[in-house]
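Alright, structures below, take your time with them.
In what comes next, chain A is part of two complexes: it sits with chain B in the first one and with chain C in the second one.
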Partner chain A sequence: MTPLARSRLRSTVIHLVLFIVLGFWMMPQVYMLSIGLRTPAQAFDAALFTWPVTFDNFATVIRDNPLGGIFLNSLIVTVATVAIVVAVASLFAFACAILRLKGSLFLYTTLLTTLMVPLASMVLPLAILLRNFGWVNTYIGLILPYAALGVPFAMVILKSFLEDAPRELFEAARVDGCNAWQTYWHVALPLVRPALVFVTIWQFIVTWNEFFLALIVLTKAEMKTLTIVPMQYSGLYMANPGALFAVLTLIALPLILLYVLVQRAFVRGLLAGAVKG
Partner chain B sequence: MATLSIDKITKAFGSVMVIPELSLTVPDGEFCVLVGPSGCGKSTLLRIIAGLEPVNSGRILVDGVDMSDAEPPERGVAMVFQSYALYPHMDVGRNIGFGLEIARTPSAEIAERVRRAADKLRLSSYLRRRPRELSGGQRQRVAIGRAITRKPKLFLLDEPLSNLDAALRVGMRIEIARLKAELASTMIYVTHDQVEAMTLADRIVVMDGGRIEQVGTPLELYHRPANLFVAGFIGSPAMNFLKGRVATVQDKQATVRLVLGPTLDIPVSKPLEPGDEVILGIRPEHVLLSAEEHPDVHVVKAGVVELLGSDTFIHVRDGEENLVIRDSSGRVARAGDRIAISLPTSACHLFDKTGHRISENAPTRWEPIPAKARIN
Partner chain C sequence: MRAEAVRAGPAAAIERRPASRTSTLYLFALPATLLFVVFIAYPILWVAGQSFYVRSGSGTSSFAGLANYVTVLGDPTFWIVVRNMLLWGVITIPVQMLIGGVLAYFIERHTHALRGFFRTMFFLPVVTSVSVISLVWVQIYAPYYGIAQEYLKHVGFVMMTSPIGDPKMAIYALVIVNIWQWTGFSMLMYIAGIANLPSEVLDAARVDGARGWRLAMHVIVPMLAPATKSLLLLGVIGTLQTFPIVHLMTGGGPNRASEVFGTFIFKQSFVLGDTGSGAALSVIVLVVALVLSLLQIVTLGARLTPAGKERA
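Right after this comes the complex of A and B.
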């Protein structure tokens, strides 16, 4: 076998293995879409695909729920949370990694400990706190806890990116006359753009998909977020798997769309040329 | 343009003292080069001047005004970093004009000053490119452009050529020499490359261990090094150091008997006693290949011979003593050749055992003994 043929064979085998892994990986998502497109009689068929397909489940979900309003609720909560997390985490990371403010490392390590605490253990105190503040059934009642829970992880990511950025760039900004805010805005943020995109996508997914806290905080129908909707199609005495999976598909669609849109923003080699090396 | 005065500053990182008390004045319009081995504190000193590092004590004065606690822009400094430090997300034009943008200069003026800097540095056709689309030399020119558009009082350059390859370095060195003449600014340039120091500087500051070893013009340092460190640091290949002992002293002239063999009469400026240990320094280019019949010759055996085309470096080992001879005559020497050398006293430097210079002012000119032949 010639070296070229061997190289092609190896490439084919690697791609084949990757496609198989991808196939297994995608199976739950494909199954979710497939069940959403089935009639009630086919709902529990073991087959991955069934025929004929029907859009009745999607029609049921859209007819049963004010999806526009619910979608808007999810969007408001998610976008506000993402904005707060990105802003607070990037500022905190900048203060720790670049300004090296006194006490910032202590604050950083303290915040990190919150990553170790499971959400379930915080739900009851949070619920009491939100009730005392009068934030039950309000956007802010979800946005602030989500943001508080999201900041530590985002901060870890952004801090490590900023620490890896060449320090001379920040010193050059100082010599150019930038104050701390201008250095953050003009130099630090553009430098960590790939990390910001990652944090944005991650926080969007986590917030969009959050169910537990939303279930506790939001009791009024008009304040519901999307993740609470599937509950009504799965109960102790009643189940509509077709509608359940149709609504799950609808919940997943914006995330897929978001990823397709922002993944282009992962600009490779943004730092290339900044410094010699 | 401005006069910089460094007044008794000290700098320590934790318990490590990197700059014990240091004072220096750089007059208005001077091109001052800080030179020294890695870790000698020259970059730290530059960063202190820039305002990027605080001092532990002492003052930094610009035109007589205490700027010790001032931020870089208040000091009127611009700095070219060793690693270029160009903003990767901005194009060349914005990189050059960024300082002006921050200073809220009107955009028309920014455009004009960026255009002028780009013309001066031959960057006009690259203004819309990102740093990653430029070569090393072009990036360094952008970094210089960024500094000159702000019309700084003090122009600081931190090893600006050290990341360039040898050919590009020569070209950029000439560019900087041209800029120096055009800008006539007060410039402080850090390098460990003595060729850059010698060719660019109005005055060189040689540093070691955070201390200033000597300040002087390039030729002063070359011809009158104050101590062994400066003597060994300035000049390439480094100055030869030969051990000796004072035989007699008469009328401020010491007769020194070298371990290598020869005995030389050297004028001295400090009192010496017979028997004192001394070190004689002579540059490789001042060691003469001589004719055997000359009374002052000493015959040695060539060790390693390095042929560089224009010059030949002949390494000699005689007992404990090492000697490098630079021969520019074009003759080809071979390892093992017996060669006759002479050490012209007018080109010799004498140091006491503590390393301080004790010989009289060495003349910048000396009469070479005509080299007639090499002995084989």
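Right after this comes the complex of A and C.
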């Protein structure tokens, strides 16, 4: 075999193996969709695929459930959290990396300890705090704790990006008469754009899928987010797996679609060194 | 804020101007500090304080010293939790690294046109809602109509009940779900590491005759050490905050066999309303996390963020 033929063969084999592994890897999602597309008669068949398929389950669950409102709750909480995290973390990173305020390194190290705190140890005190604030069943009761937990990670990444940026740019801005706020807005933020995109997408994913705190803070049906409603549907549709898995598919779909749309920018931020610590 | 910042100038701190003029610059650091104080530091101090109090039937709290800790440590469930957490971390972390690393290696170094496709597809479980994933896996594991038992029969693996209903197997069945969900994350961290490997080093190694298996094991694996250390650190913290998969799939059962710190704290605090022992448990988890993290940071030089490459 010529070297070229051998390398082509190897590439084909590797692709084949990757596709087989991927086939197994995707089985849970394929299974979910497949049950959602079944008629009641096939719903309990122990098979990955059945035929024929029907869209009745999707029509039923969309008609019978306020999925739009639940989706909106998730969207409000997530977008607000992401906006706060990006704003607050970039301001803080700017103070540390560019302004080099006295004491900012100490603050930075202190805030970093948040990354070592498991959420499991925070739910009880946060639940009591939010009850005292009267913030149970409110958006703000989730948004601010999520933001506080999210800021440290974003701040680390943005700070390391700012430190790698050429300092002459900030000098030039100063000479041109920019004040701190203008330098932050017109020089620093555009410079770290890939990192901002990365942080935004990651925070969006984490917030959208957060379960533990949402379970405790949101008890009213009309406030619930997409991650905590599947449990109630599993009771509601116990005898009707087709409907259950149709609604689960609909719940999972928005974030999957969003990720597919933004994955290129996400990975670009990652490869640009967003995660070099 | 804007007007005040205007007066101060960007490099005020660098030029060491009088403190009165730089003080407005602290507004940049204020929001993050406030969020930290109110939603992280204060709750932690509160829970630490509360762990020394017990609440009597009439609703008043009284100081109880270490009573809550004694109660918690004397509870057999606590030791089941410790065992489960150890198993969880010891299995999940290396397996995810291994599968994620191997996938990353082949995707990064041997695919071109389909690289983006593979990267995205293997990452999808990470972005799929964990509550959806949990219910899907309950169905997969189910007896009679679940596909796991149906298909495993053909390779001689026969189960009579759902593995999550069996006290001996439940925790392993949950670990599998967790590995499946988070391997894409390890893969992506390693992809960042591999993509950022300096090509001169790889070329030099190739000139020296290292290729294939030897190149991977002796050159690439050692150079990915920063990513590996970060994954270890994140894995330990992730293990300690395990909750949704267990809560949704077994509720810590059967007979508390799959209980983890998250579900244990949840039950003590919110189901039984015993905030004293809930607080003591929270403090224990917190201390374990801090000690293990600091230990890794000091001994391994691990970092708290997923690391792709060494800092230049």
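Keep in mind that, in the parts below, the second predicted complex is superposed on the first by the 182 of 277 C-alpha atoms of A that agree within 3 Å, B and C clash if a C-alpha of one lies under 4 Å from a C-alpha of the other, contacts with A are read in each partner's own complex, and residues count from 1 in each chain.
Keep this in mind: a contact is a pair of C-beta atoms (placed from the backbone, for glycine too) under 8 Å apart; a residue touches a chain by one contact, two chains touch by 3 or more.
These figures come from a predicted structure and were not determined experimentally.
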Identify the partner contact of A:Cys178: answer first if only chain B is touched, second if only chain C is, both if each is, neither if none is. both
The chain contacting more residues of chain A, comparing chain B with chain C, is C
| query | Counting only touches as set out at the top, which of chain B and chain C does A:Pro28 meet: first, second, both, neither? | reply | second
Given the touch rule stated above, what does A:Ala59 touch, chain B (first), chain C (second), both, or neither?
neither
Which partner does A:Pro166 reach: the first (chain B), the second (chain C), both, or neither?
first
Quick one: classify A:Arg100 as touching chain B (first), chain C (second), both or neither. second
| message | Under the stated touch criterion, which partner chain does A:Leu9 make contact with: chain B (first), chain C (second), both, or neither? | response | neither
Chain B and chain C footprints on chain A meet at residues 171, 173-174, 178, 182, 270-271, 273-277
Interface with chain A, chain B side, in the complex: residues 50-52, 71-73, 77-79, 81-89, 98-99, 102-103, 130-134, 136, 139, 146, 150, 163
Chain A residues touching chain C in their complex are 10-11, 14-15, 17-18, 21-22, 25-29, 31-32, 35, 44-48, 87-89, 91-92, 94-96, 98-102, 104, 107, 110-129, 144-145, 147-149, 151, 153, 155-157, 160, 164, 170-171, 173-174, 178-184, 205, 208-209, 211-212, 215-216, 226-231, 234, 241, 244-245, 248, 251-252, 255-256, 258-260, 263-264, 267, 270-271, 273-277
Within the complex, chain A is touched by chain C residues 1-2, 5-14, 22, 25-26, 28-29, 31-33, 35-36, 38-40, 42-44, 46-47, 50, 103, 106-107, 110-111, 114, 116, 118-140, 144-147, 149-150, 180, 188-189, 191-192, 195-196, 226, 230, 237, 240-244, 247-248, 261-262, 265-266, 269-270, 275, 278-279, 281-283, 285-286, 289-290, 293-294, 303-312
Residue positions on chain A within touch of chain B in the complex are 166, 168-169, 171-178, 182, 186-187, 190-191, 193, 269-277
